[in-house]
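Please find one structure pasted underneath; my questions will follow.
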Amino acid sequence: MTSPTTPAGKRVLSVRDLTVTFQSERGPVEAVRGVDLDLYAGRTLALVGESGSGKSATATSIIGLLPPGARARGEVLLDGQELLGLDDRRMSAVRGRRVGMVFQDPLSALTPIFAVGRQVADAVRVHSKVSKQAAWRRAVELLDLVGIPRPQLRARDFPHQFSGGMRQRVVIALAIANDPDLIIADEPTTALDVTVQAQILEVLEVAKAETGAAVLLITHDLGVVAGHADEVAVMYAGRVVERAEVGELFATPAMPYTLGLLGSVPSPEATRRLPLVPIEGEPPAPSQRPAGCPFAPRCPLVRDDCRDKEPALTEIRQRHDVACVRAADVLGRRPEDVFARAEEPAVAPAPAAGPVLRVNGLGRTFPVTKGAVLRRRVGTLQAVSGVSFSIRAGETFCLVGESGSGKTTTLLEILRLRPPESGTVEVLGVDVAGLLPAPERRRLRQAVQIVMQDPQGALDPRLPVFELLAEPLRAAGYAAEATRDRVVEVLDLVGLPRDSLDRFPAAFSGGQRQRLTIARALATKPRLLVLDEPVSALDVSVQASVLNLLARLKSQLGLAYLVVAHDLAVVRHIADRIAVMYLGHIVETGGAEELFAQPRHPYTRALLSAVPIPDPERERSRERIVLRGEQRSAANLPAGCVFADRCQLRPTLATDLQELCGTRRPLLEQSGGTTVACHAV
Amino acid sequence: MVRYVARKAIGWLAMIIVATNATFFLASWFLDPRSNYRELRPVRTEDQIAHALAPYGLSPRWSVVHRWWYWLSGVVLHFDWGHSPTGVPVNSEIPRRALVSGQLILLGVVASVVIGVALGVYTASRQYSLADRATQTLSVVLFNVPTVVSALGLVLAAVWLNQRVGTTVLHVAGANTAGVDGTWATILDRANHLILPTVNLTLLGYVGWHLTQRSLLLDALGADFVRTARATGLTRTQAIRRHALRASLIPTATSVAFTIPAVFTGAIITETVFGWEGMGRYFTETIAKNDVDGVVAVAAFGAVATAVGAILSDVATVVLDPRVRVS
Amino acid sequence: MTATLPTGSLDGPLDAPPGARVDVPPPLRLGRLRLYARRFARNRSAVVGVIIFVLLVAYSVLGGLFTPWDWSRQDFLALTQPPSGSHWFGTNQGGNDIYAQSVHGLQRSLVIALSVSVLTIVIAAVVGAGAAYLGGRVERWALALIHFLLVVPSFLILALVSNRVSGDWRVLIPLLTVFGWMFTARVIWSVSTSLRERDYVLLAEFMGVSRWRIVLRHIIPHLGALLIVNFTLGIVSTVLAETSLSFLGFGVKTPDVSLGSLLADGSGTITSAPWLFAFPAGLLVLLTVSVTLIGDGLRDALDPTSMVGGRA
């Protein structure tokens, strides 16, 4: 599947000098500035960029769905037909017929009050005069094509009866209903779990093969790009800054920004944990772009002339364009040669105390109720069952699993510091279920703090930074003087300037805000920091510096981390030990090195294989396990192994062993380097 | 669907029973039927008064529970809703009045919902246009006009119109003209009398529907699924009509029931101003005359009206939202 | 249980990075008040509302000074006279000066409306926020009560009770309060439940911040705007309810007057003596419309996401 050097298919779409202007409170803002793109039949162009780069605006202006008030200029030629400036009626003849689109959030993309079959059939009938019955038959065919099981039956179901992954399949069916020449996929897998992401990307490949269409894939995930794109265009601040064949781009990037992006992404395959190579600063807001090259303020190779004039996109090699005056100096260099790698934190002598946190047999259920007035309990949702682990000071323990695996419930049960429904939670060797004197309980409270996924939601927008940082200290009984000192101390610790104290959270960028929440969590000198998806809300280029900060703090302060993350590359980068959860159970646990090198449990293996690797060669050559189906509901756990229904290993086993998988739940047992709950290993 | 609506209807029936019985106790507590006799000359003794009230089950010598039981068994066994303190049977008043008020409330609600929702849909698809701003201003002002003022204002306007034209174009008093014969003449006459009160109820009622439907549809217009529908090749107008509109009507349909009490209150005042002998007038009269049984009948009527509205809105919800049928 | 969704890559069409919010609250408390005032002042109709409302209040308090007539005094030489130099708003059948009566009636209506509004907002806040925070059975019962009261023909009960106490305007205040708080309580409840779910509230709990402190620092400030706006709405709905009651003869009764009872008096002679109806009606509409305009202006000024308030 290596990309050919010359485009094979015919040119479907050509975009020239596309400029998109939005009206904002501060006057018109150019979200897209002079973008050129070419798409060829049967080939995928990936448009890569961070938030604010203009990649979505580019896509929506091609399909003519810009919000009111936005204006697109330039040229968008679909097979020679100019699309810009077409009125809604003429454009609607193009949409769905010649251009299909797949959106980011499948949960809200389908009309809730129509059956999915009807929606697909309607999409067919918009452009072709066929009978209702014929359209319905075609809809069922399409649903079958995108991998909806029992399409005949499921076509009559409504969107809320489908999972996110299944709904995204329906959206893809809508997009290809009329055999389009171009499919635009705008972050199609961002809202989905990795194993589901792998399935959806495969369905997109099927759709491409079936229709022979050109695909415009918009994503921020370099791993997805490596696996599925033929060509890549990198966008920054509304412009394409580099464009090349996928192999060429990953092997020899010529723009410092591209190089920086590649350096700041942790690789799920890295063996030694070096600090990441971060890009300093954050992308500029569309209304505050600097003159000259917009990347200049963050670029380590910046020259004076960079700040004067924005460089044009020019060809430096065959089919490799870049907009950088220093491209020749970048070519062939590695990220760490150009960007300063953060100092490797000195390994702190680990305090030889007992575990900071010990969880034993933790369980949590939720009642499933029905009816509005008289709620009756119709079942029990077993969110977490029999989870045990312990964390030492200076150690990072990661809980890994997909949504619904119970990892967040586990965190919340620990943070509550109340007697759990079943099992025990010990913090600093003290059982939280016991009768504790108030000061002792407060000590435990201070010892465990949390950093949440979304820094915007975690900070009360109405309080200035000083108040935000002082709040946990006051709750812990610090005096006014001591509070002030400590606030300044933690601000220094996370590298925020002291004049931040009077400002409100809204005045900070995403990365700075996450530093604030970290500072806040550190205020009471905790021993254990619970990190719930600490970087998933941040832009790729910002993630690296936050991850480096966390690594530095851990060794500096001898902290223990309990991390929940869905991005296995991030997990690989920070974890010492890992527990893989499925349906509320730990199915495998062990050291990070061992687990990544030799996963034993079939689910762990499938999970790891689903993680895209940001390296086209490796990504395309490795063998991959794509799981069938989806995680079942925790409301009806099977008697046997929780993973048995999706297990790729089970069909290959002997009949009696298969029987065992279906009837008895396996226990965690030492096997090789890790501890695994599986009958077959 | 039938099962769903039936289940809801049973719930509302229970609500009617509870509300009606609760009103009986409240009315018994706050109204004193004896006062109708106290002002009579010659002065009656308490014994005489009690004696006079006894045949109607209103004797002050009975306990409240006893009176309630008398009233309840009358209602349940003979559908006899009792008597006024002066012996006028409630049943002789109700059918005529209920019909009069029923048509007024029904017309008022239907017209309000239809006009309000239509305006909301029209203005939402033209957000910030002149028509949108103008109707919104008008609605906000109308929303703040008390029923009394709007009713009297309509009367003034109609009287002025009648004087200008020289004949009675619009009737401003009563539900019908005495002495009108013939089917068509009667219908026309009644319809004419209905115009102003209905307009009044509609003026007050439509505003809420206009403003909520407007914001509901605006929310739906920004929804992702409308964008998806457009991406399949529908024009903006088609996508609004086929996807956004129907989704945005569901919350409107479900809230119809909760507006009936307010419409009923509006009807009380409207009937008073326009001199209609309906349930609304009956309401003020019975309270003024300490007529416990009459008040309870009015409350029952109000509850039935609410329940009918609620069931209609349940049916509308089921029709609009197929998910209800599925789950 | 959470959908792990990296919002940093939610590349919305506006492509505005999270840091680019326009409304950055200034650091000082006073500064923020001034900001709200500026946003409010930019809203022309709200300013008009304030002017009308202030004039109405001034009229109700000071209006009596400009006329020799007292609201209860009767001028038997001028029965049912149209507006003139000596009786500015004319007189009624009993020879009462309508100007003086309007002053008094407006005062009554204002006092009733303001006190009922204050009381209902307090009850609504306590019940609504309390139900949201205590949750569980308390929440269910509170909601059941609210729903029941919303469906019950409360006007009937109001009429029953106020008729019994025969026209003492002070009794109207608790009465209207009892049947006026439910809707606001429901709104506050639903907003509070969403506040309860906010990450920063959860975080404060995990940090060991006490429950009442969380309510005080993280909940009440966020409800503040809502409470103020609902307070103004409460004024309007109370005026409307009081007017209806008094008009039907169940609220303020003769010899006392309110705007509602004045309307009732005027309704009988609407064609022969329209001034009896027109002046109280005009005042009433001015009152409700001005309060609504103020309420709208406040909502836009206090809501940081509102576009109507313009840039600040």
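Brief remarks follow.
Which chain is which? They are A, B and C, in the order written, and residues in each are numbered from 1.
Throughout what follows, contacts are C-beta pairs under 8 Å (C-beta built on N, C-alpha and C of every residue); 3 or more make two chains touch, one makes a residue touch a chain.
Since the structure is predicted, the reported quantities are computational estimates derived from the model, not experimental observations.
Taking A-B and B-C together, the chain pair joined by more C-beta contacts is B-C.
When each chain is reduced to the average of its Cα atoms, B sits farthest from chain A.
Chain centres here are Cα means. That of chain A falls 47 Å from that of chain C. In whole angstrom, the spacing between the mean C-alpha positions of chain A and chain B is 54. As a whole-number value, the distance joining the C-alpha centres of chain B and chain C reads 25 Å. Residues 150-157, 159-161, 163-164, 236, 239-240, 243-244, 247-250, 260, 263-264, 266-267, 270-271, 274, 277, 281, 284-285, 288-289, 292, 296 of chain C are the ones that touch chain B when the two sit in their complex.
The touching residues of chain B, counted against chain A in their complex, run 11, 223-225, 227-238, 242-243, 246-247, 250, 320-323, 326. Residues of chain B that touch chain C in their complex: 15, 19, 23, 26-27, 30-31, 140-141, 143-149, 152-153, 155-156, 159, 257-258, 261, 264-265, 268-269, 272-273, 283-284, 287-288, 295, 298-299, 302-303, 306. Within the complex, the chain A residues that touch chain C are 22, 24-26, 31, 49-57, 60, 66-67, 70, 104, 164, 186-187, 190-191, 193, 218, 220-221, 238, 282-283, 285-288, 383, 403-404, 406, 408-409, 415, 442, 445-446, 448-450, 452-454, 456-464, 471-472, 474-476, 502-504, 506-510, 512-513, 520, 524, 532-533, 536-540, 542, 565-567. Touching chain A in their complex are the following residues of chain C: 1-25, 27, 198-200, 203-204, 206-210, 213, 217-218, 221-222, 304, 311.
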